[in-house]
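First the structure, in the form of structure tokens, and then the observations on it.
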């Protein structure tokens, strides 16, 4: 008998194992849905798959009466634009501040406590102030995402910079590197893989903040639709939208994982073995 | 001139630097508040500090007419109980699943994709289903916190286990360790510091989920009070509550950081230099 | 099937604050004991969530408006009875603008409101009366909890909302109240709805609720010290004080005695109102996206009159329990 | 009994062939010194015997049975790069070797049993000269001190096969001699089979009963990864062996070398 | 010019005194071999000269001026544990040494200047025998290969002072000789001051113009950390030195040793 830790599944076993829990969940859902339908034929909480398909098909292929848009796609486009902008801004801020805080003890002393405190403020609770400063338009939605995930990125990346062996920083200096060059050529590239990993971990929260922002004030977007139809418990729309968000998020996650491995192979050597 | 990266502030300089940005923010607030009061003497958005103090003093020292409680303290107690339970459950789940997923390739294949997908589901969007399954009592509030932060913990800890050098796992096996023993004596202790770090990063999100849960169904708690007075835009209560939440969160953060350094000195050797 | 323990949910709104007061002060327990049952009163902060939970079967009764009773539980196949009609909004809902002075001036404006709520309905009615339609404005769905703050944002010009948010919004410098529910009296009805099947199986549940309600209502309208104390407690529960609560009450047409409510429910205006509501709901897709016409769900009124599909009656206005109270038969 | 036999072993990383057609039989109880230029695949060979990596071709047997494809307590190792547990102190690092066996559930000993095991561990710690540092974490140790700790750890299990990858490389001559003095009697008493990679030829010859050298026999200048290393020399020093004199045993067939040189130039 | 002088240097980690009252003058252009038992503080001494750590007492000067308290391009280093950049290939690791200087803003060269620098870098890479591995990341290198890469990197800057911590420890004799042959002429041509820690006495004597030994002169068995290491031997081998014969220069005063032994026993 080999030790459990040494048993590595093959390609196909891996696939089967990955799919199994999802099948289980699907099965549970279908039976729970059927059960509720028996009790109440109009039950809205767990609609059967057929209704969800119908509902999504309609949203995705029939133009809306009011705006003429295909709602499913226009919602997706609006949300992804906000999310993409928020992500890009957060990544840039997180990387810049994370590097500077991680590298320069003076800046660490000045900013690390501030960032720690800022990361603890629940953004939802100070929305009124945010509205006044950033208005109610697209900007405030992007800002909510940025406020939501940037402190995490900054703290995580500053920590990552801190774990680069001191010997490397010293080595760079003996090779004549200035602080700026050390940051650019030693710290930055070694932080990039972790940035991508941290972004992966932030996808969930980013969607959460996006949805919250869209629930608070919006005219379109995935979160807007979910909260709008919640007014009549249209789970046949909500659940597919949630599934779609999850799928989108998972695709991003997967893409970021692939990009990280393609762009920074040296960071994943251990994994490859 | 020394390189910026080598300039380490002394004890007192560090303190001054840390306090500076907070003073700046306080100053900005006070002047913005005064300005708004000049324009509108009844402005509620940025109340002067005196009003906030008065409001908190009332909540913290005058018993509520209805229940006889000191609301500020009973809210804090209720919220901290929920938060503490949620945190404890999440930490236990995160550690257990993180270790198992990180150590056993078979489990990784089966559960890692599921956890990745679960971490992407925005919990706010499926609240109706959660409430039906877990009820509307204390349980569902704790569950929301757990659902909110556990996937992050699991993924982060599984990743951490993955970065333990293979040589150590091999070494443990040559010393006769079974999979279980390797997990217990090699992986677990080396994951603990990261668990504490991950918990630190989760404090913000945990409060966020707590507040959201309390805003939807609760009769007390910090989030409930904020939600309750929000309809009157009583920023003189909301802002102190937010500050209090932030302070509590920061204290936890600090405590976890200290515990980590005291309990796992070997993990912070690099830092000490 | 008959049972002994019942759950009702309430949310913070002036017309529903008697419920927590009745629970706190023991009135509910008194009446429940009288019928040998237990009634648990639970506060939910999120209004929609409370209705969703009722619809999903977690509660036997819930406080809601006539429109939401139609569009959520009734459309969701949960046969629902309007057991207690407590009041209608008489100025509690309104349109407030920083830019427009009349409803007609709203043309082309962006309006923040909770979409598909009674606010939306109020706006539709207001525009209708001014000869405009919803196409002439842009509505932005805005969460009720953030409405007051949203109105403070410089780029927000017009909101539709309800009390106590409405009072806060009106107090903003430069705000004009354009229209309110006093101009469409009786159309926004606040009530306690219960599951019809549960009620049928457990008439005592309905009797206990009605009994407790009207005992509490007596206190709400009592100008004396006991009434003031009760109203002060209700005000505190909703995050304000006696004065604030009284101001909200002033914009509410209460039915303090059961006979008034019976008369209102049995009158013809309710039918007209529900006709308006269901056509608004149908136009906005609230009756289910697949609904062929406003007739899919039947609404039953006293005397057997039914709007819509008689084979699928899911919302019933049933004054019989209130009538028992009016007749002193509880 | 712990005889190791490698037949037709190849190890390839992608395009690069590291080891090529390795055939060797190591008798039970032998002390084999492995030498060879840097990067020729010595550590790779040890990793395969350890069970950490599998050869891409060929078979490895231990006492005639296929080598277990995973590391185990029968084969101890000292890695080239220090691989002690950073979260355990020096004493705990060695103690762990006793604890895994004795406490299947917790991997931790308590009370009297712990004291007994700790005595054994401390004895080993002192014999590698780390007594004064027993309570330090590895990060506070010098390079050589860490390496000595790894040696103590590996010896604690008294494995049948001991794999050493430049174990004494970071030690000064004095400490090195001390380590030799520690290892040699243990090897003799327990009949361990030892495979030790070293760059110190004196050490290789003074400790080993057999010295084997790995090296590339052919090099294609255009594709340096195309040919792997082979065993180029194999010297048996054991006075108990059939030919009890120092001598080459089974050197590479010179014809083959010539042929291959010719091929690699072409 | 790069003469180093240490006066009254102490290094303490908490309670433990590692180095005690070190006084030494190293002439510009000297090649100093440092030997001593494992854990006596050789690496610590190098770290201080490098500017990575500050002595707890005493002063270090370079050509009479206090030693800059931070590392710089005037002092190159090869650490005992490999410290190459994991995110750069072998060629890029060496190239970086040229890039920092030539491109203050980006720390990166492009076009013709990059090709020129790359030629120099590749030359160095080949001279340490890593030509075939130029495109690999350090993680795919053997231990000795990584160490050679670190040597190439340090040599690229032609520093005034070169600090080597067991640079050849992981190399086989052949490669080691190659490295000696690479280092020696560079040292001579550029007049570098080299301080090299080694455990190979032969290497210490064959490369160095001066050999110094660190060791503890007193040991308190109750508190092993109480006394630190000192310079116990200092041999000048330079044929150009005032006494052009191999001989001890400035050994420890025997009276002092005796006094201290007595004290440590008391």
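Residue numbering begins at 1 within each chain, and the chains themselves are lettered A, B, C, D and E in the order written.
Simple rule for what comes next: a contact is a pair of C-beta atoms (placed from the backbone, for glycine too) under 8 Å apart; a residue touches a chain by one contact, two chains touch by 3 or more.
This is a predicted model, so every value here is computed, not measured.
K.L.:
Show me the overlap between the contact partners of subunit A and those of subunit D.
P.N.:
Correct list: B, E.
K.L.:
Shortest hop count from subunit B to subunit D along touching chains?
P.N.:
1
K.L.:
In terms of CA centroid distance, which chain is the most far removed from subunit E?
P.N.:
Looking at centroid distances, C is the chain farthest away.
K.L.:
By CA centroid distance, what chain is farthest from subunit D?
P.N.:
Max centre-to-centre separation from subunit D belongs to C.
K.L.:
Can you check how far apart subunit A and subunit C are, centre to centre, with Cα atoms defining each centre and the answer in Å?
P.N.:
Subunit A and subunit C have C-alpha centres separated by 38 Å.
K.L.:
So, what's the distance in Å between the C-alpha centres of subunit E and subunit B?
P.N.:
Centres of subunit B and subunit E (C-alpha means) sit 47 Å apart.
K.L.:
Between subunit A and subunit B, what is the gap in Å from one C-alpha centre to the other?
P.N.:
18
K.L.:
Find every residue in subunit D that makes contact with two or more other chains and list them.
P.N.:
If we look for residues of subunit D contacting two or more partner chains, we find 70, 81, 140.
K.L.:
For subunit C, what residues touch not just one other chain but two or more?
P.N.:
Within subunit C, the residues that touch at least two other chains are 52, 56-57, 146, 148-149, 152.
K.L.:
Among the residues of subunit A, which ones contact at least 2 other chains?
P.N.:
3, 45, 128, 132, 165-166, 173, 178, 215, 230, 233, 270
K.L.:
Okay, what are all the chain pairs that touch?
P.N.:
The list of touching pairs comes to A-B, A-C, A-D, A-E, B-C, B-D, B-E, D-E.
K.L.:
Any idea which subunit C residues touch subunit B in the complex?
P.N.:
12, 24, 42-46, 49, 52-53, 56-58, 144-146, 148-149, 152, 164-165, 168, 171, 173, 232-233, 236-240, 244
K.L.:
Where on subunit B is subunit D touching in the complex?
P.N.:
Residues in contact with subunit D: 165-168, 170-178, 180-181, 184-186, 189-190, 264-267, 269-270.
K.L.:
Can you list the residues on subunit A that touch subunit B in the complex?
P.N.:
Those in contact with subunit B are residues 3-5, 7-9, 13-14, 17-18, 20-22, 45-46, 103-106, 109-114, 116-117, 119-126, 128-129, 132, 151-152, 155-156, 159, 162-163, 165-166, 169, 173, 178-179, 182-183, 197, 201, 203-205, 207-208, 211-212, 215, 223, 226, 230, 233, 235, 238-239, 241-242, 245-246, 249-250, 253, 270-271, 273.
K.L.:
Could you pull out which subunit E residues touch subunit D in their complex?
P.N.:
13, 35-39, 43, 80-81, 129, 131-133, 140-145, 148, 166, 169-176, 199-201, 224-225
K.L.:
In the complex formed with subunit A, which residues of subunit C make contact?
P.N.:
Residues of subunit C touching subunit A: 48, 51-52, 55-57, 68, 71-72, 75-78, 112, 114-117, 134-135, 138-143, 146, 148-150, 152-156, 286, 289-290, 314.
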